[in-house]
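After this come two complexes, each holding subunit A, first together with subunit B and then together with subunit C.
Up next, the complex of A and B:
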């Protein structure tokens, strides 16, 4: 999202208010849809959407576990937004990150930390392509990213199908449509739980990944706000020509921004699949996690610290969404998310209204 | 010989949705609006069209008058596409919202909405709307003797009403864009809206027209995609909307180059989908999951082609920029 000048001195508050209003309207639309589809069960449906995440420690552990990759994809999309790029390819980068991490874990029996670095590398490579294509050949990064989402998915499928050692069937299980379970293949690559599982009532989901993600979010905030490199990136995003005039190489910034964005998504893939609870299944459609990074980034107005909260929210209603079945499809959540982004699209307008209301109150106060 | 007829025929039927949707994107972008929502519009068009077919199939109207029913379903798909595209137009034109983000929102909305509605209508877990078999144009349905030759395969094995409609629409789209006052004005709005406004053209109206035409074409395109794939509609159009965007860029925003581009991509899609039954392709012994390799091809070819054409390609100058009367 393009950040215009702060509309009032409390721009932060206005951004948060705008996001909250979008969320409330999104949930309302979702509820109305449920009412139309099945009036009798609509109450339980929305209750499941909003209540499941806090219903038990196990479910809350799941919220935190899913928030980590969402946060990384959100950071990825947001980081690219800051440079004026739309990284719709987070999904492909995420898939590549997961693939690299799993190769490190299963084929080379590496420890968890190294596998996560490999995940960053895989994502960074997949982010490099849109960056290079944009900088060298002037190909729109949206098209390149979308194409590389598909290429990445098919490439990972092709590679896994031809690497028998990677599949579950090589490690004593019967199915060959997914990668080996880390518990049997390499327990050393599983992200440590650090005692959190005891704290969360033996939840199988929770591990330290969410804290890793929060750490990265704060690091990204630091880079964007406190370093020259971050300043140059933002300058390119706000006005490419002005940045060029000031001696900032736009092409170099486009490439480095996409590489970093790719590494962030890739790390997300690593965090998700190295938890040991989920195996990578050979997919026929693009993984949705990367696309979910887009609403996370938009809700947070691309602010890395805001991303922490928006990813927790999206993860929370996603966990609720799976509890809505079988009465309603869990896709209802995506409708809510779509409405929220649609509203975020004219965030400037929403913000304008909020500023008007706030100013109106102030003037009345003066009188 | 029949293999060749098969390939040509399949290529045509896969090129139809790409061509329609890419032409839709062309209209929208020439008016100055980037229509990233093409994928979502296709889904909504296909959803409504398929429900119409399902209804006609159940009440007996379809089997009695197959092509009329098909035509009505296509009209419904087009209307649904226009309706859904208005959401993008409203956000992008009236509210001056970021067009990419608005389009993304609609792309997330459409498949989710399709799944939820399909569930609601067909019952839990029934995520695929079946396509009735009577919609195909066969020799029997035209009162001809069934035969099995080259031309019979070419024209009657895989063809549906969407193909002739696509040809007609292509000609109309080209005429409208380059031979009428409306087309000239539309293009002016995408190049320099301030100048267009200064000679009395209503930029907002023209942009609405551009987006609505793209919705019309993409809605039909969605329907054409579902028919081409042939296994029923399960709330997805397989990334064709995005592929159509790439085709449009490769086609340099011009109808005839878009036609060529969509045929090339359709050919690669057909090779990808039917690689095992095409005799002259390399067999690649020892490689598992060959289909993944072939399925990558259309996307890799797209990228290579874009690398060579993007330097020269010229997008409408004002696309993506909301028009504000105050900037005149």
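Up next, the complex of A and C:
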């Protein structure tokens, strides 16, 4: 007869419980911070952060829309982690992906699907270089990919500034600091809504991108978990020497891993900018989306399926955060979000505590 | 008469997920005795000592010192109680000097500056008193393994420890160094210190121990007086059956040459010189060639070059007629080379993979285990179950056990199973029984002989003289990167002379 597992041994349940407890602790600490900064508005502030995402279908659509690029960047960082690489260059790859996608959409008037593939290509190229440097010259990928974040951002800005056709000013708008709105430039490149907008009360945000991202997450899980390629990648990540002993080419895997990670981030850029709601603005700071991929991956412990949930969570509090705007400065909001994410990452620690408590109970029960 | 015992561990129970490492174990150490702790791999010896040294907390049971119950929560507690330990893998800071290492953690300071003079005096007097020769100003990275061990021992003495735990101290030593260590241990005993001595080697227990406690599969089997006991009795207690100490094997019938090595030169991994200096030898079908030598004489680099882990500088390696000097590791493997690596944690296993994933580490790409790049999990499971049963690999959760959580012996068995089942033409076994118990050693030796009898070529690289002598149909001796002797039959003393560089034949590794 099969016995029911005691709670102390049900790893899955404990993991979920630990994550929930950590998030609650994070919210509490975030609330305390708000109380200190602006006691009068703290209640409405935390209410906005927690409630906005579910307050209307439109806002929930925004959560899903923002979750898609977050998920892709999280997958990118997590995938590289599994191979023992720290892809801090997700931001640059994301920017490149966006750039390639927009070129396809605006310059070449290509349909959405092709533009998304171009986004993958752009990101992959930007992942290839750090991978090659690591494999051929053993240059630390962290350093290279940080530099490639900046190189990518300035290169894209430089290119766009010299491609008048790409800018909004060429398409009947007045501003030349951003790319053309896709609705005027090429509606065919906008990611289809597939009727979801009707379902979400005419939300301008929602489209099928989150489902594409979930599909990719499941694909990544399959590759890592079920294929010989994933087996090799993970072996390299866990024990490079043993992988070498088994005849696995570490260098080839480093390059493949970075290329795939880059393609994932790049696709994230495509999904974000091909929605038709946002235009790429030429700024002088690195896009934060790629860096947000790091906590997404960490929260999910680099598990692709976990990434789906962690990106939805972070997207949710980000959407909530932006609703706190008039009462709190954006810096404050970012601090509170950071605290929540930071404490959510304590899930592993909380997990240990839970196991200890449960075990203690069990033993006392025996006595 | 509880005060008779300086340390008592009563009814200790320690559980890990899926396995009871210690199940109601009692160990009583008398003052001034050498007490051996014997058991197979995974019997729970290391766990028990870790409990005593404060690295693990037991779920049940008490520890008493001089009859008083004590709590040992961490190694600092153990140290305060006068318990010191020499770990199997030394805990030394490589880039510190010997003296730095000895005083590390208990250093005297004045206004924040280290005070070396008193420490040096104390270390030197201890060194002299017990015959523990060390150079206090040498860097640990530069000194021999034997001296590193003496540094570890001095660390315990410097802290005035009265209870000394030695975890498999002889595994890394040459025969001469082992004799010296035995003398040192007797010296401690005469000084009234109490010693716990973990080992697999029955001969050492018979030579030096007063009493011996035996563990088997986490359970306490009893304690015997060595004076009234025998090797046979001890091994029976340990494995639960009679063990043959002789390796049964027929005379070898060497066939064609499988591995041919010509003038091989390999750079050192540790210094700028060549580690292997023009070595030539052959291994034929149906013979075991054993390579004897003291650690660090080029064996590691020689094996790396043969298996492809490191590039050869000069020379030629031929496997079954194919020139593999420049071949990749995978190509060599496909041509029929199996490799039981020296370092099972570094090379042999992906420790965070499950046992079944490790079982296919060299074969996951074969059609049997994958279909268009998708791993056939059912086949992997079936195959690993087969190997687990066939080679008696014990673990908490069978094929799903994380390799890291397995005992060293069972990890080794898993590697041996994987490499032998690959059905190789040439099996390179490096230290295949390092740190294993007699039961497992016997088993692995039988497997190696069986491989030979099945017409395979076996190259055995080992630091264990008994193993070299018992298994090798031919014995090569390597000294400072050169093959200095090649014997069909040799006496231990003779072999020792060659290994220590005292004697040298010019003909190299090709039989006359």
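Going forward, the second predicted complex is superposed on the first by the 321 of 367 C-alpha atoms of A that agree within 3 Å, B and C clash if a C-alpha of one lies under 4 Å from a C-alpha of the other, contacts with A are read in each partner's own complex, and residues count from 1 in each chain.
Here is the rule we use: a contact is a pair of C-beta atoms (placed from the backbone, for glycine too) under 8 Å apart; a residue touches a chain by one contact, two chains touch by 3 or more.
Treat the numbers as computed from the prediction; the structure is a model and nothing was measured.
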Can A:245 be said to touch subunit B (first), subunit C (second), both, or neither?
-> second
Quick one: classify A:155 as touching subunit B (first), subunit C (second), both or neither.
-> first
Now for A:231: first (subunit B), second (subunit C), both, or neither, which partner does it touch?
-> second
In the superposition, subunit B vs subunit C on subunit A residues touched = B
List of subunit A residues in touch with subunit C within their complex = 226-229, 231, 234-235, 238-239, 241-249, 363
Mind pulling up the subunit A residues that touch subunit B in the complex?
-> 1-2, 33, 37-38, 86, 88, 133, 137-140, 142-144, 146-148, 150-151, 154-155, 157-158, 161-162, 285-286, 291, 294-295, 298, 326, 328-329, 331-335, 337-339, 341-342, 344-346, 348-349
Listed in rising order, the residues of subunit B that touch subunit A in the complex are 36, 87, 91, 95-98, 100-102, 104-106, 108-109, 111-113, 115-116, 119-120, 124-125, 236, 239, 242, 245-246, 249, 287-289, 292-293, 295-296, 299-300, 302-303, 306-307, 310-311
Would you mind writing out the residues of subunit C in touch with subunit A in their complex?
-> 59, 307, 309, 328-331, 333, 339, 341, 346-353, 357, 361-362, 364-365, 370, 373-375, 377
